[in-house]
Structures are given as C-alpha cells and as structure tokens.
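First chain A sits with chain B, and in the next complex the same chain sits with chain C.
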Partner chain A sequence: MRDHILVCQFDEDLVRKFHNQRLVIILSDFNQVQQAHKLVNDCQNNLHCLVIDHAGSLASVPFHEKWRGIPLALFVSEIGAFKEVMGKLPLLRDLNIRIFLSTDNKENCTGLHILASLGIDCGVSFGEKEIDWEAMNDLMTYSIYGKVNHASIEPFQFIARNYNPARLTDLSSVYFDNPYTYIHIDKNENIALTANDLKEGKFILKGIENVHKIFEDEKYQEALNAWQKFLLKENGCAYCQAWRICIGKFSESADKNPGCRQFFTDLMEAADHFISVQQKNKRKEVWQP
Partner chain B sequence: MATIIFKPTEKCNSNCIYCDVVTRKKPKTMSLDLLEHIFKNIDGYLKAMPQEHVQLIWHGGEPLLLGEDYFIKALEFQEKHCKETKHRVNHAIQSNLTLINENFLNIFRKLGINQVGTSFEPIPNLRGPGAKRDSATYNRQFLKGINMLEKNNFGWGFIYVVTKRSLKRPLDIFFFLSNLKLTGGFMLNPVLVYGEDKENIGLTQEEYADFLGAIFPYWWKHRDRYPQVNPFKMFVENIVEKKITTGCEDTGKCAYGHVYIGPSGEASQCGRAGDWEIISYGNINERSLLEIMQDEQREQFLKRNDILLNGECKGCPYWEFCHGGCPLDSFIKHKNFMHQTNRCEGKKLFLEKYFIPITGINSNRCVEKPLMSPFDEHCRA
Partner chain C sequence: MANILLTQQCVRSCPYCFAKKHMADSEPDDILTWDNLIYIADLMEHSGEMGVSLLGGEPTLHPNFVDFVIYLLERKFHVNVFTSGIMGEKMFSEAERVLSGINPDRLSFVCNVNNPDKSPFSELENVRRFLKTFGHLTTPGFNIYKPDFNFDFIFQYINEFGMRRHIRLGLAHPIPGKHNSYVPIDKMKQMAEKLIAYLPVMERLKIKGGFDCGFPLCIFSEEQIGRLFKHNSGRLSFGCGPAIDIGPDMSVWGCFPLSNTHKKSIYEFDSMNDIRNYYRDIHHKVRIEVAGIFDACDDCIYREEQLCMGGCLAHSYNHFINEANIRFKEIYQ
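So, the complex of A and B:
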C-alpha cells in the first residue's frame, strides 16, 4: 500500500514536523513559492506540488525566474490582458506549472484552448455555476483528438491516461482531492479525507504520527466506498453509462443540466480512442545493454 | 465432473419475488448426521470413479443462515471421511451475501472457495426481507457483503433475473449492473415461473429476446469495456470461437453430470427439478451417491438428444449450443422431456433478429455425434 500524499496550508511549524513525506502545499501568497519549496526540501520532504488559488487573472500573476523547476498548480479567474500573458510566455513555457481556469467564467473554455495551443499545460476548474457541457465537449475533443501540437488539458488527459474499464477512474485526483491518493491535514494535525471534510471539521484522525493508521480505519474504507450510495437510489447516476469515469461528481446538477451524461460518455469514448492510439504507436522495445 | 446442487437449508432471510423456495415450502435444514453421511457418500463415489471430480455447490435458501459452525463441521467431515479423495472435491457457494463476515470467509478459504455467486436486483421491492420486500435494507447489506469479499480478495459474479418489471428500461438496467461490477461478471437470466404466475412477473420468449436485443447492440459495440456479460459472451464464444461454454440448459450433457440433494437427503436431477418436484432419484439415506448418479431415469435425458436431433431440432443451425434446451422446460410445456422447450423460439428470435444482423456472424456449426453416458465403457476409457 502506497503512502498518501498530504495536502496542507503552508505553515512552517507544520511542514517542519514532516519527514520523508510527499506534500501538496497550498499557498496564500506568491511570495511563499520559493520559501515553501526550500523549507520542504530542507526538511527532507518531497514536494508534489504547490497550489495557489489566485482571485485575479493570469495576466496579473508575478511570475518569477526562480520558480523554474518548482511544481505549481495555479488557479486563476481568467486569462486577462492577453498582451501581458504573451510577454510572459517564454518563462511560462519553461515553468513546471499547470494553470486552471474556472468554468464560472464562460470565456474560460476559449482561454484553455488558447493556453493549450500555446504549449501551456492547463486544466478546467469546475465552479459553482451551470456548466456549459457542449463547450466542455468541444474543449475535450480538441484536447484528446486534436492533431496539431498542443499542451495537455486536465482532467481530460488524466482520464485518458488512467482510464481502465475494469475500475473506477476518479478525476478528483487532478484537484488533490481523492482519498485513495491524497489526505488533508491542518496546522493542528487534524486529518480529513477531503478538502471539504477538513473545512467542515469532519476529521478522521489526529496527529501526523497516525497518518499510516488510516488504512485500518473503518471510516477510511467507508469513504473509499462512498460512491456506492448512488447504487441505493432508484434513479440517477448509477444508471449512467459514464459512471465509471465520473462517479456522480455532478449528481446535484445532473437533473437540471443533464449534459454531463453525454459529455462523460464522449470522454470515455475518447479515452478508448487514446488507449487504442497508444497501443498502435507502441514502439517495439529491443533489449537494452 | 459431477455437480452436486447441495441445499442443506431452505431457510432464507429474504423473500425474493421469483424464488420458489420461499413460497412453496416449509423451510427445512439438514441435520449434521446427514451432512456427515453425505461426505461419506462423496468419498464412496469418488473411490468408485477414480477419474471423477465432485463440485459441491452450496445453495439454499440462504446457506449462510446455517451459521459458521455448520461449515466448520462440513470441513471436519470432509477431512475425516474424504482423506484420499478430498483433492477431488471442489466447493462453490451461492449466497445473497447479506450475512457474510470474515469468519465465513476464513472457512470458505479452507474449503477452497475463492469466489461467491450471488444475485442482485436494482428495481425496488423485488428482492428483500418481509412481505414488502425491503430492498433498501437488503441492498445496503448486499453492498457491505461485496466490499467484504473484495477486501478479502474473493471473486464474485451475479445473476440478474429478467422479469416483466425489467422490460421498461433494459439499457438502464444494463448500465446499473455494469456499474455495480465494472467488467460485467453477470448473467441475464429469464425468470422461471412454474405454475401460476401470481406476481405477474413472467415473460414471453419474445419479451426476453427483445430485452436482450435492446442491450445487445450497445454491448457488441463496447464489448471490450464489458467483457463478462452473459449470455452475450457465451453466444460469441460458442458461435465464433466454437467453444462450449453454455450453462447446463444448453449443453445436452446434464444427464449424468448433475444431482440435487435437499435438506432431508432427497435427490433429484438439479435444483429446479428438486424445487418443482419433477424428478425423484430417491433419498441419499437409502441409496448411495453412486446409485443416484447412475439412476436409470437419467438415460432419458441422453436419449432426448437423439430424439430431438433427429426430430424437432433436425437441421437446426443452433443445435451445438442449444441441444433443445433444458428438459424441465420441455416438461413444463408438454409434461414430458422429449420435446424442444418454449425457449427455442426466444433463442432463435434473439439470434436471428439481433445477434446475426448486428454482428454479421452466422452459425455454421456442424452437428457432432450424440453424447454417451460417463458410465459407458467408451466414455470411461
């Protein structure tokens, strides 16, 4: 059983307590990027990613040469002034960064298309407002089937890469929120299975030293099987053909906005296509000296 | 391989709408003395038949109602009485999983069981305990059972019983079942109603064929995604790969291969024949398993192959994976075993209306020579 990656807010005291631990650190300020990176390394931990949720546009982000090599997930509201972004493009292309744009802004599907075509890895951040599944489908089609060179767009690439019809594929991993891989911890060492549980005080354990005990915890096993609640309902997501790659993520809006079904069904077909292309392109491997 | 459909109890904690055991009988449970006697008989049979294996399928009722100690006793009796033959005894179990726990699984491992057969129904109030068939409680317990099996690395597969209530939304049901078990691993069987259809769940053969036909085009297109969905996979294997992987009903081979033993030791051909009291091979208290397996009534099932092949089924391109269907179905319709069954029509309808046009695959299987009894000289050699 692989150890979990821990997700926490940046807190120097907390980070110092970890040892040999893979970490996702959520920053509140761009100034913390280098500091957090250095601290994680100094404490002999392994930085999986730094996350910054920026209320402003991409154009307003103060990118820095020294961010090179640091894994970053940057959530921004929109692209903003395009000229500004173009000016930063050479550096942006060089950084180990993925830029997420929210579905709450209708222009962002186009924004993601542009970023990917410029060679910047990016991703959809699912917001609160009604999702335009048709626009999402166009973006996904471009991401998976597009012949012209472009960078990846998540979570489409994640699904395509990880899809295995014999098991569920959970796109929450793209957002560091899948308890198979990630667990969340606060500065008081309260441990929760999702970001939301941590926010709502639904803790499963306390104390860094107890992290490895999580596998024995019944609540953990229950959380891993939480998707089964859909199988107890008379209608809804359990009857959806795309269930295995969505697992009811949009169940609350699916009645009012049922386009999710078609979108995820098409994404599953795209994943099938991706697998078959990969198998076709698999090069013969000759023995290595 | 001799398959023993072993029903040590008729008790059940559920009241499934399509089950004969709960509606037709006062539930009985097999005594430990009789259980011991059965293992002695299995040993005797295997010693007399040194090439044979026995598959003991624990059935019910709900076999887990017997409790863990009952299975421990079975293991003890096997150790005691089948010292030299136990490696030729394979156990399997069919359970509704609502009572499963780790203790059962530990005993099952010792009995060599590593997978469990079960059944499931997403439509509310068809499976479940009590007069109202509380499917919500049943399904919650069932899912817990599945989780326990998977956590303990046990395999599982299930049967879905197609009833009149399933006909409204075949594809939805298919999606639900394949979401429950992602690779498939289930069988879509038509409900069997013997006698009056009090619950109005019975299907015509056309309805069953159309139910399958509503799913088949989707399955065929995505069969790599859902590899283990039957009867589709079986049809493909039988027609394309020329394998014989059908269930007992279509093999034409059940004559000397199956036996049912009920809670009082009563013996019959199989679970259905026992439940419906159509054939009796006496009682294992009075006859040995070997005698029961060689009962002369069995010969009629073999003869049936000849009669059908030269009569009602003559020239049928589907003979090799149908063999005229289950003799009991013939009995229901004609009050004797020597006819085709009422499933003939449904089978042909599915193949000709859906399977062949959609896949473009036709059946050209040649008819092989009729089967022989395993007690026949040539066969034993």
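So, the complex of A and C:
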C-alpha cells in the first residue's frame, strides 16, 4: 500500500517537519511559489503540486519565468481580458500548470474550451451555484471526442484515463480530495480525510508520525466505504447507472437539477470510447535490451 | 479558404450586395459565439485548411472581433478579413493597438471600397482612418455592378495609404429571384472593354488586377485575353465556386448568391472537403442543366476543359426560378 500524499497550507514550520513525503501545498500568495518549492526540496520532500486559489481573473495573475518546472494548480474566477491572457500564452504553455475555472461563472465553460484549444491544460472547479449540465456535456464531448489536438480538461480526462467499469472512479483526486490518495493536515498536525473535514474539525488522527498508521484506522476504512450509505437511501442516486463515477457528489442538487445523471452517463460512455481508442492504437511492445 | 460570418449586420447598403437576401432573412443580433468559432477552427484544422476569411455583414461589428483574430492567429491560421473599413471608435482603437503590427504574412484585409463620389463623408473619413493604419495589410476590393464603372480613386488610395498593389475585382452577381444591381449578361462585353481600358494605367502604376469568381472567359477578345495574361503574369482565373460560407448559426452554403438554396448545418459534415464536395456536386448537377450564362457555354471547349466555368452559377439558377419543377428536385430546394 503506497503512502498518502499530504495536503497542507504553506507553513514553513510544518513543511520542515516532513521528510521524504509527497506534498500538496496550498498557497495564499503568488509570492510564495518559489519559496514553497525551494523549501519542499530543501527538506528532501517531493512536491506533488502547489495550489493557489486566486479570487481574480487569469489575466490578472503575475506569472513568472521562474515558475517553470514547478507543478501548479491555479484556481481563478474567470479568464478575464482575453488579450492579456494571449500575451502570457507563450509562458503559460511552458509552465507545469493546470488552470481551474469555476462553474459559478456561466462563461467559464467557454473559457475552458478556449484554453484547452490553445493548448493550456485546464479543469472544471465545481462551484456552489446550479451547474449547467448541458454546457458541461458539450465541454466533455469536446474534451474526449475532439478530433484536433488540444490540452486536457479535468476531471473528464481523469475519468477517461482511470475508468474501470468494475470499480468506482472518484474524480475528487483531481481536486486533491480523495482519501485513497490524499489526506489533509493542518499546522497543528491534525489529520483529516478531506479538505472539508479539516475545515470543520473532523479529524481522524493527530501527529505526523501517525500518518502511516492511517490504513489501520477504523474511521479511515469507514470513510472509504461511506459511499455505500448512499445506496441504502431511496433516492435517485441509488438507481443511477453513473453512480460509479459521480459517487453521489451532486446528490443534494440532483432533485432540483437532474442533468447530472445524463452528464455522468455520457461521461462513462465517453470513457469507454476513450479506452477502446487507446486499445486500438496500442502498439505492440517488444522486449527491450 | 472558407468564409466565416461573424455578424449578419452591415454598416453599408451597397446596391450590388449579394448578401442582401441572406442578411434580410437573418436575425440581426445573431453573432458567432466563441464555442462555434472553436468548432469551425477545429474542423478546418482537421481538414488541413489553415487559411480563413472573416466576413459579415461587417465582421468588425462583432464585439469579440479582435479577440477572434488573435485567437485564430494563435492557432496558426492565416486570417483574411473582408471589411468596409468602417468601425466604431472603440473597436478601431483596439484593432489598431493589437492588430496593426501583425506580420502581413499572417493577417490581411480586403477592404471593399466604393466610389467616394457616391459615399457619405462620414463613411469616407472612416475608411481613410482604417487605411491609414491598416493600409499595408490591405488589398483594395472593387465590385463591378454596372458596365460603366470607375475605380480611378483606388490608385490614389493605394499610393496614399501604401496598400497592396493588387486590386481584387469582383463581379456583382444576381441573387436568384431577388433584385440587386449587377452587370446584365448582354452588357458584360462592354464591362470587359472598360476593364481592359484600365490596363495601361495599372501597368504604369505597377498595380495588378485579380478576378474574383464568376468572370466568363469569352467576354474578352483573344487580344484582350493576351493582354490580361501578360498583365497578370499568366495567372488568370475564370472560375466559379463553390466558396464555402459558414453562418453564425453554423449553417453552411456554397457562396452568397446561392445562400437561399441548399443551406445545410455544418454538423452534417465531417470535414471541409465533405462540404466542398457536397456543393461541388450540386454545382455540377446545375451545370448539366444549364452549362453557363451564355447559350454557347453548352458546347464550349474551354468550359469542358474547365478553363472557364461559364460565369456565376447564380445566373444559371435564374433560369429555374419561374419554370415548373421538371428538373432534378434538389435544384428547386
């Protein structure tokens, strides 16, 4: 069983306590990018990704040449002034970055379409407002079936790459929030299974030294199987064939905005298509000297 | 090269306009969306076509005009814009700031200019402002819609604004069943005479003239053909479409005068080639019924060898307007 990737806010003292650990660091400021990258490396840890949640537009982000090679997940409110973004495009293409745009802004589906078509890897950040599932479906169709080369759009590519009809595929991984892979820790070394649990104080362990023991923890196993409770409910999600990839994430809004069912069903179909294309294009592998 | 309509509104009302019918039938606020632009760009790239023409109506009326141009340039398309040169203050400033420095190998304009004597002063001022900034990227276009025409003013424009030394000569075509101004078939030779009369001055000024589609070969005498051949360094075309036009609503048709017939959705095709073949096939069928604009087109060896297409197909369609449905059914659609 492989170790978890730890997700934490940028705190120098906390990062110094880790050793040989894969880390996702959440930054509050663009000025921390190089500093956090250096610190993680100096402490002999492995930087999985730096996350920045920026309240402004992509156009307003002060991208820097020195960010080259640093894995970044950037959440922004919108694209903003297109011409500004175009001016930054050569650098953006060079960076190890994925841009996330929120569904709370209706224009963002188009924004993601534009970014992907220009070769910028990007992703949907599911917000709190009602999601336009039809627009989401169009975007997913472009992402998976598009004939012309374009950059990936998450979580569609993640689902397509990892989909297995025989098991669940949790798109939370794209957002560093799947307890199979990621666990969250604060500066007081409280450990939680999701970002939300950490925020709400629902800790399951305390202390960095206990991270590797998490697999033995009963609460952890319980949390991993929490999805089963959905199937006991008599609501629509229990009977939805797309359950395997949405895992009830939109169950609260499904009654009011039922488009999620069709969307995730189509996404599963797209994933099947993606897999079949990959298998068709698979080259014969000969032994290597 | 496919034509993408960004808007369906125009700032002018030219008497010869062969898009008039299409514009009148369209919703004026119907403009191309980002998502549709990307779809078209993908289809073109997938088809190996990396040149695109943007037109309208007036394409610069689209609020995202400049963004669309830089997007397409970023996608490695060569962009050609058909414009009147008339644009609002804000759009002009934005275009000047962003587009005026683009390499002429990547971006070009065709500015269809009308005779200044017959244009309002404000329109002329706008055109001059456009040419002052974009002249080096711009080829003047002139549409001939009557046998007696005058484009002397274009020579002045070319010299004053450093425009490309090439005039794109268009021949206005009829919209089947509608009224617009165009050169009647029996006056075409007269029009050709007038055109040839311009050759000495054009040669003196080192300005070339290139034909847009629909000029029939036989309106020129053997001697005139020889002069045109030399004038254009052997590059002469007497072709007729199909030019592929794509509307903001993703409808597609085989050139403007025929926008009323055989309109399809772009989603019905897998490539630009499929679209072109579809309209080529229809054009071919129509030409079997009516070979060209003259009776002599029927057994013309030059038409058979495709040196000349027999003039604009819109003239041929005019034959079918008032007849009973006796030919293949698609012709009346």
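In this text, the second predicted complex is superposed on the first by the 289 of 289 C-alpha atoms of A that agree within 3 Å, B and C clash if a C-alpha of one lies under 4 Å from a C-alpha of the other, contacts with A are read in each partner's own complex, and residues count from 1 in each chain.
In the analysis below, contacts are C-beta pairs under 8 Å (C-beta built on N, C-alpha and C of every residue); 3 or more make two chains touch, one makes a residue touch a chain.
On a predicted model such as this, the values are computed, not experimentally measured, just so you know.
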Joint occupancy of chain A by chain B and chain C, clash or fit: fit
Partner chain(s) touched by A:239 [first = chain B, second = chain C, both, neither]: first
Pick one for A:44: touches chain B only (first), chain C only (second), both, or neither. neither
Using the superposition on chain A described above, determine whether A:278 touches chain B (first), chain C (second), both, or neither. neither
Report for A:86: first if it touches chain B alone, second if chain C alone, otherwise both or neither. second
For A:225, decide between first (touching chain B), second (touching chain C), both and neither. first
Which of the two partners, first being chain B and second being chain C, lies in contact with A:257: first, second, both, or neither? neither
Angle chain B-chain A-chain C between C-alpha centres, in steps of 10 degrees? 110
Quick one: classify A:138 as touching chain B (first), chain C (second), both or neither. second
Please give the least Cα distance, whole angstrom, that chain B and chain C reach in the superposed model. 26
Shared contact residues on chain A - chain B and chain C: none
Would you pull the chain A residues touching chain C in the complex into a rising list? 82-83, 86, 89, 110, 113-114, 117-118, 138, 142, 146-148, 150
Hey, which residues of chain C end up touching chain A in the complex? 33-35, 38, 41-42, 45-46, 64, 66-67, 70-71, 74-75, 98
Of all residues in chain B, which touch chain A in the complex? 122, 124, 136, 139-140, 143, 147, 151, 169, 172, 175-176, 179-180, 182-183, 224-226
In the complex of these two chains, what residues of chain A are touching chain B? 165-168, 221, 225, 228, 231-232, 234, 238-241, 243-244, 272
